[in-house]
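For clarity, chains are labelled A, B and C in written order, and residue numbers in each chain start from 1.
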Amino acid sequence: MGERRSRWSGALRGAGRAIRRNKLGLFGAVLVLTALVLGVCAPLLTAYAPTDIIRDADGHGLTFAPPWEHGPLGTDDAGRDVWTQLIYGARISLTVAALAGFIAISIGSLVGITAGYVGGRADAGLMRVTDVLLVIPDLPLMLVLIATLRQMDLRVSPLAVLIVVIGLLYWTSTARLIRSQVLTVKERQFVDRSRAIGAGRIHVVRRHILPQIMPLIVVNTVLVLSTAILVESGLAFLGLGDPTQPSWGTMLNFAFDRSAITNGAWWFYLPPGIAIVWVVLGFALLGNVLEERLNPRLTGHHLEGGKGMVAVPGRSEA
Amino acid sequence: MTEPPLLSVRHLTTEFTLADGQVARALEDVSFDVLPGQTVGLVGESGCGKTTTLLSVMRLLPGNGRISGGSVLFKGTDLLTLSEREMRSHRWTDIAVVFQGAMNALNPVMKIADQIREAILLHDLMDRKAADRRVDDLLELVGIPRARRNQYPHQYSGGMRQRAMIAMALACSPDLLFADEPTTALDVMIQAQVFELFKRIQAEFGLAIVLVTHDLGVVAEMCDVVVVMYGGMVAEVGPADSVYNEPQHPYTQRLLAAFPDPSQSADLPEGGQDLATIPGTPPRLNALPPGCRFEPRCERRIDRCTEASPALVDVAVPGSGARHLAACHLLGEPEAGDA
Amino acid sequence: MDRRSFLLRKAGLALLTILVVFGINFVLFRVLPGDPVRSVIGRGVRITPETQEALREQFGLGKPVFPDQLVDTAGQWLQGNLGISWSLRRPVTEVLASKLWNTVILVGLAQLVAIILGVLLGMLAGWKRKTPLDAGALGFSLVAWSIPTFWLGIILLVAGSTWFGLPTAGAVSPENTGKPLLSVLPDFARHLLLPALTLTIVFLGEYMLIMRSSIREVLADDYILTARAKGLSDWQVLRKHALRNALLPIVTVIAINIGFIVGGAIYVETVFSYDGLGKLFQTALVKQDYPLLQGAFMLLAVSVVIANFTADLLYVVLDPRVKDT
């Protein structure tokens, strides 16, 4: 068990090193971390709760108050503080994405390892499932699934529905990636030798295959997480989130449905979008840097020569 | 020296800027001549700079490469002084390259005939119809059935692709052909066919060939002159007979030590005679020693070898008329005026 | 495997997918607890007992699900009868057909512009490595990927209507509804601009990224060096050798994206209230008009399946290596 933990930390440490070396990656990490910190420390950063209504002198809700009247980000259509919603929204958006991502990666890893390692009919069958899933357009499918689930009186939070549906649909990239890596690793000799001395399948997977695929999972996680955030925000925008626990997408749903746009309340519809781009871009930069480390890109190509090629001293530029 | 050389490389120095900013000197002071109709072998381990020499002469270095010194005289014109546009007109029409056909050197989505024809049409040598006829002639010359002219590279065998590359290289009737490892990855039978082809076209068209290879056997068979390279520098250069029978550079001597009599090349083992392995590794081109580059692996080193890099010294048998040079401190001082 | 078995396998997959989609469609709405009538009208909608009876009759909901309803439904769908949209009181096929063109034009236009620009800019970016163009292209693509489509739509909506007076809703102005599009072209164009721009930006990011990395890989191949050695100029090498090879991955992506033409604009159509299939889908969802929802879903999925298969066909045609592997 201790050994397995050390594989994990090995991959993560390598990732950490790569990030620190690359400026863009560092920037990406900063973006993600600030969002995390803001979300975690939300209660410390605002006096209100997301559902609190700010009232003016006459006791009416202070609707659509601009930032210069009520800072730092004004109020929404009902008089709730936007800044508060924003940082508490971070909790929802990030948590939903993390959980959905966890489900997706778990399924994907399981499918990928099984298909790659067991091979044969299991592989063919699983790959067919993957192919079919990839072809079906994801947004319509999700909408249809969510609509059905909601009708089923399951007494679960709408967020749980979102998490499950997203997790169920976005594991394919992970599965394919891991499967091809497992296939490569399987060829290597030490796996055969290990089997020869009677090691069980699970043991082989744990000790030999997992360490090889761990770095790939790390890179893929970043991609899956950023996709999950985008998808969640989209679904929430369409009204499928939990209004009592608004994520950034839900905030945008409110803004859109409740005339923030026509009222020119940019402080309500800009910040949540910016927040989404902030976090997703952060993840994308992180993912870029990690991927560079795994597949270091070509240092050049054949059409880069030309002007600077001949630099013989004492001669004019050829 | 009765006729002027076709190609005269003098003091060619090439550098590469690595990803971390360091500069690697891939070629240092490389000099050699190629006479018309001559076959010159450029031999050495991988990384010794033979392919870089070829690319430098053709000015086809990748983006991080720079020619920082020397001259490349082709029929009297220094190619390094030309503009890129002028250089383009010399490519293929004067000097052509046969790359390893077994690899990806042919465009996979273009028909073979079209690729050959492209070279002809590019240099405005003839109209389309005539060009097509010439393509057919070339294919016939290299022994590729005309029915297969419109196929794609992946449909050819490795040997056929190599021959197609040769046909393409001849398209504009160049005076000089560079052949970069033309038979690596081909089996011995096919290798022999390819070299037969080289000999035939040389006899027929009188072109000069520079054979870049690590295969000593091939060089023994085909080359008039041998240039032995090590660590980006010329270690020894001279007529094949001289170099093979009286190698002067310790590196050459080690190489040939495990090599049987060149005249018995017909008995060569499978896969040709690769360079004998010498203990040690080639020098790192971004951290070159001040002295002789072969010194760490040399059994005959003296103190001088770590202090200064040896210059080429004339080691020809006096009165033979041939030019045989080697760069080793053990061979005495260079005469004034030597290249 | 050879060309034929490759295509056969892909055809089989396409068929399987369509079956799966049909299965999903069929099963999903019949697992809803309660009255089977709810498989036609969602729970939130109030209906009188008479309407309930009528619906029950019309959709044969009294019969057992297996095999009767399954066979009936399958039969109907194969004949092109997708049922009746109860909220619009028209056959589903008719409703879908009426909105189809709006979406196709919107997404098709955006795809076209994005492809042309994306291929061009991506090629230049991949060629001119380490220049501001390359960095700019990469930056743009990353940001375009990170922006939620619907939010980009909102931004453009605000900017477009405030600064340029562009319309904010509908595919055409209210007085032009129902008229053939060609006759109200200027009005249609004004309504089309912002949603199309939104989609173009999103697609552009993707195409630029793919083209850029594709060209970079191709330019490192050996035959590029051969082409240069032959005396071709950089631009000639790019045009005659690199482009053809670099376009191969893009063509497949394009074909697949074409499939999403029909269903890919749900967010944009919602934000701009653009009267296409996406908005229809969303509306059917909200109103719980399940026949319409199922019909739309079927249409979206099938078009993607067909596009995917076309992509496979195209690849076989364009890459000579696939034929005889």
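Please note the rule applied: a contact is a pair of C-beta atoms (placed from the backbone, for glycine too) under 8 Å apart; a residue touches a chain by one contact, two chains touch by 3 or more.
Bear in mind the structure is a predicted one, so any value in this text is a computation, not a measurement.
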item: Longest centre-to-centre distance from chain A, chain (CA-based); value: B
item: Chain pair with the higher count of C-beta pairs in contact (A-B, A-C); value: A-C
item: For chain B paired with chain C, centre-to-centre distance based on mean C-alpha positions, whole Å; value: 55
item: Intercentroid distance (Cα basis), chain C paired with chain A, Å; value: 23
item: Rounded Å distance, chain A centre to chain B centre (Cα mean); value: 53
item: Contacts with two or more other chains, residues of chain A listed in rising order; value: 300-302, 304-306
item: Junction residues of chain C, two or more chains touched; value: 129, 221, 225, 228
item: Multi-partner residues of chain B (at least 2 other chains); value: 60, 63
item: Residues on chain B engaged by chain A in the complex (per definition of touch); value: 19, 59-71, 80-84, 87
item: Complex interface listing, chain B residues touching chain C; value: 58, 60, 63, 85, 88-93, 96-97, 99-100, 103-110, 118-119, 122-123, 152, 154-155, 165, 168
item: Complex contacts: residues of chain C adjacent to chain B; value: 129, 221-223, 225-233, 236, 240-241, 244-245, 248, 318-321, 324
item: Contact footprint of chain C on chain A as seen in their complex; value: 128, 131-132, 135-137, 139-141, 143-145, 147-148, 151-153, 226, 230, 233-234, 237-239, 249, 252, 255-256, 261, 266, 269-270, 272-273, 276-277, 280-281, 284-285, 288, 297-298, 300-306
item: Complex interface listing, chain A residues touching chain B; value: 299-302, 304-313, 315-316, 318
